């Protein structure tokens, strides 16, 4: 949350995107098939359904050095498992508000519904999130971790 | 004959909290869920050598540590016998020869092998309780002349659970003046020997508590809670003196050096004062089980 | 020798130039020992800091060693030494005694704890006597005096507007050299402190050793929440756990405070727990404090600071337990 | 320690173009527990796969990371490949280096760095996976069809023709459903009975079909391939083995009961056949109205029965049998319009009838033998008003949806009336006329040519004046107030789900949509499947539709069933939820969240600290669980975990991304 | 209040003597002035120690969890106790037939040193029991003197950086004693996620990041079932603003999914996060 001085260009935001297998992951594949371009800062982590998204994963990611978290799933009504994203929607609405309340910038935790056909939306979302987080600068939540200062080549 | 006195708090500090890296030079599969790991220090460094009954702490590099009795040792190696019960032991079981681990120790006290010289010995163990007992048994066999008759009563719930089968059924059978009595708790298609729980089996064997020279036989017992409970009861019933019955106590240990606090039974820290106690001492303890 | 109370700030400023000086301070409503710096809300008038000073010597999280893979494919272990020259300034006699007890734990009985020892050697202790103990203080019942601290390197006896300064060890004597500019060679009337809470601790450890199976444990443990508050605010509780954090093939192993109140603390692989319920855990904690430690080190592991009495969410009060044990006919 | 093998594909230049594949492999070799990493031009080619197999053997690899194209492309290929090796097919993680890396990035340095991260994540995850084995679920090669209407009959016939045993459960005493009540079917105007009754007899006589009429499903246990279904056949009081169906009994019965088949427009005896061509072609006794059974008087039917088939002491028969698949074709009923539309008289005018009543009036075998006579006085109506969308598209009074068939049968009714009463006039009040379908719009146009007057608007009030019914309404096209003196009014009422579907749905874990129709698994892609594997839908049970659509859907459902029954065993997906019973406290939060009703609470005995205790814990039915993982997040204690996507493996994946 | 105290003593005595219950849960006086402590006893004689005054600060509502395994217990219940019991009942932790609830109206409790109304009592909206088998004395119908979400709205109104500083500071003080968890009637897991080593949700270090992980995860675990008794905040030795986190979740659920207050009756609907509506608020398009 706190900004740290960095030399321009040295730092690149690191963002993890939790994507449901059936829609968003497919949409991301389609973006590839269409040879779309988007920033390489996002790493997709595949989960079966946005209903599988445990807020604890996001907390872990933010704690351990991700600068932003994106959670994506099927549009409500289109869940492969019928209802998973409805539960996810409620949980994420509450969780996102909680994170922002305790001080996280809203841009650092975002949720989007992206279908298997919405390759363009995937590209745009990723680009937008990366640029927003880039503008915010690095997130340093891991105060005093015993590992801090340990660099791995 | 001197009274048998178990020493406490006698461990000599070699490695406190910071471990050494050791190489796994040999893995023996004892049973489907028990393996023995032989460790050697790299760079030819001498390994720490324990007294029989002492334990060491072996850990996965990057993960947790566990406490194991040193089940055997040689000039430049030590061996731990590990049953797969939890997360760390599961990882240990996944090790291959050549892998490295953390090791520290030796910790704890040891079997009072000096005081036992000249006595007849009865070793009783159940399942994974044999490795600690074997460290003492092995010592007696290495100094065969110093000890009288030796009996081993070993039982397991299945044939698979029996460890050190090679020694049980071959090596020790040939030892002079030694009886090996093995039983299973339940019938098993691969087993045509005795089927009995330990206590009834002991009763049936009726091994004379006084020993051949009348000095009082020393019994060494190690096993799970129910074996410990029924076995010691049987021994006392048969007339063994509590000070002649030796056992090891088990608690969750972490630091191994009597500091971290969790392994106390009353005022005694099992990792430092124990794990070896005589039944006489145990009787005086306030114990959680 | 005395030092005027209004000179204390200047003294601290001077001392802090060379060493880290830990002083009782109020930070965000929590009182604890914090490194002295300009603007810190230093409070020598507090009864007791909420958090004890033990974490100077035995931090809640202490790195022990790092490890990792070497270029040749083997592994290395590299011990940390994060100790530094520190002054514990303004510690109370009860907390001073707790350090003495921790010394016994970490420095005796076969193994010396290298991490504790390293920091202990670099610690200078300056104790201030208690002119006005709190209502929850009962150090006098535990064999201490609010007016003395034999283990402190330097003792400051509270007077009206100054402290009477005595060096009690060679280390203290040497340290006083830095104090010279602030000391005055005058006499002052020492204000003796007295605890209002008096217990009869006589014979309690002996009685306790016979009370392992007493129904009292059922009774007092039912209301215990099994949280770690008492153990974490206790100046003498020293239980720890060892854990690690990894970064790919490297990692750091550290130790951290643990609490005998947590069920996890004694749980063994395969879910067996020798202390499965609150009863066993509460019993172990109190017996350890009042009886087991005595058997082992000849001292009681309670210094009567009253922190747990103050902080316990359910007012499970060790002083009442001591009374009850005293009253029992065990 | 695990032994991970990493295989990175060039995919020709597809991946290698923007990812330095050799560099990635080089880094992979330094990752924890990676014992081998290699690259391949085309990993999916035969030589590529052979290379993977060889490396697995050579390096004693026990889990594999494939740095290739998307898992959506080749995950199954790799699983099959691993099935031929000692590596468990589920000890696999695919790093998507093509679709989500090389194809979307241009800079090779950037692409390589991302590829390395993706490999790290995959290595960390695969390190924490455990071998999974899919279990073989045996398939009972029999199907159950619930409902004996046209959908049920069609599905049953299709399945039976494929060689599988089918049981049809019908609540009424005969097959036929709603279709057999109809007179003609639009747009071809062929006689409904003429095309429906042959189906009925085909079903009745098919060697592979068992019809259980007058029967209902009482309970269902089990899962796909193995549903244990308990069926209650109501007592018929007639031994069908003895009954010849001569019908003598029905003529002797002194009791008269309202005939529901004729929509209440005539009476039937207490011992009755639903209609002449009923299948089974044998009567039943309506116990509620039988004087012998109720009062132990009469007994006329038993006396006349030549075969002694009548047993007044008959009892319900409850049987439980196992089926591999279930088709739900429970159909519909008409909305009860009477309480909803007091302005239409709320039922107090006998000449305000429903479309289905009109069907019976116009039917040659109906109560009037096909003459259109109004119920109140038996006179032929000259002015008829037809009102469409009664209940449909009327969220305030009825339902919000369109019942889809009414526009067409409204036109059919107008056509039939004008045909039978050449001097009659017919007014049709409509909201919209929807005629998508082959020949439908032409049919509507013909009706207009027949002289039917279509008025756009709703009738706001019907009241009686003399023996005529005055209908007030507005023609919204001209804004003219309309007043029509009608002799008879036909209400084309909405379709609503058949009674009891809620119970059936919850037995099977099939949910109902907001309109209470049974819900298909996916509106577009799985229209005849349900969320419960092995349970399918056809006909109006899934939502209003006409006969051709119903028959299509029945065929589709049947083909799904045949596809399923064609297997001797089903491979269960092993990536399903698992309960850690030590952690589970049995509060059942997961039970409610599971869309497949795969989780139940069970009492189990445990040994804890040497004590035997009984606790409630959750239990996952592996046949029902589809592996969505919703339960895992609901479980605060983390007692539910999803195999293949365990909390541990996902957490390590995150850690690897952040910290490696 | 002294009448109630007398009634409590005699009812507790009767219930124990008749064998109707195995244990009684109430309060007794502590050593210090205006201090009370929970009293849990099976001995009829000890019921004479029961007290009820304005300093009965402990919510006794979680105790039945540990006690009902051994038989039926009687508990003196104000609003917070009764709602805690409903929580335990609907989470299937205890059975209704094993707890005998003796209702007492609550005037609000006071801090023993300052004499001020406790924060949790000022915020309390249900001082009187919402479920009981019998009632001693009259309901007090004490109104909340503090607006339910005033604190949340105040914090929300702060600039982001200040909120960040506020909570970072709070989490930096946490000593992870888990008193908040152990006192919470919503926290009934057999093993808390913090103790699950295999998953490694979080490590054992004490630092802001891990403390935040613990704090926020706990909120996500209990927020939607929180009975707003405020005990977590009261017992916290470091005085962390824990209710301002829990209540934030309640506030949002309230705003997003409709009026929400749990554990007011036994037949309450499932928690808002274990259910959904097709037309829930949509922000993620």
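Should a chain be cited, it is by its letter among A, B, C, D and E, assigned in written order, with residues numbered from 1 in that chain.
Just so we're on the same page, a residue touches a chain if its C-beta (ideal position, glycine included) is under 8 Å from a C-beta of that chain, and two chains touch if they have at least 3 such contacts.
Computed from a predicted structure; not experimentally measured.
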Interface with more contacting C-beta pairs, comparing B-D to A-E: A-E
Chain at maximum distance from chain C, centres defined as averaged CA atoms: D
Label of the chain whose CA centroid is most distant from the centroid of chain A: B
Chain D-chain E separation of Cα centroids, rounded to whole Å: 46
Inter-centroid spacing, chain D versus chain A (mean Cα positions, whole Å): 37
Multi-partner residues of chain C (each touching 2 or more other chains): 61, 241, 243, 245-249, 251, 254, 258
Numbers and ranges of chain B residues touching at least 2 other chains: 62, 64, 87, 289
Shared interface positions of chain A, touching two or more other chains: 55-56, 60, 83, 87, 91, 145-147, 152
Interfacial residue positions of chain E with respect to chain A in the complex: 152, 155-156, 160-161, 163-168, 172, 193, 201-202, 205, 207-210, 212-213, 216-217, 219-220, 223-224, 245, 248-249, 252-253, 256-257, 272-278, 280-285
Interface residues, chain E side, partner chain D - complex: 91-93, 188-193, 196, 198-201, 221-222, 270-271, 273-275, 278
Chain B residues touching chain C - in the complex, by the definition given at the top: 9-13, 16-21, 42, 61-66, 85-89, 100, 102, 251-252, 254-255, 257-262, 264, 266-268, 272, 286, 288-289
Contact footprint of chain A on chain D as seen in their complex: 70-73, 96, 98-101, 103-107, 110-111, 113-114, 117-118, 121, 511, 519, 521-522, 531, 575, 593, 595, 626-630, 632-634, 642, 645, 647, 650-651, 653-655, 657-660
Residues on chain D engaged by chain B in the complex (per definition of touch): 1-3, 32, 610
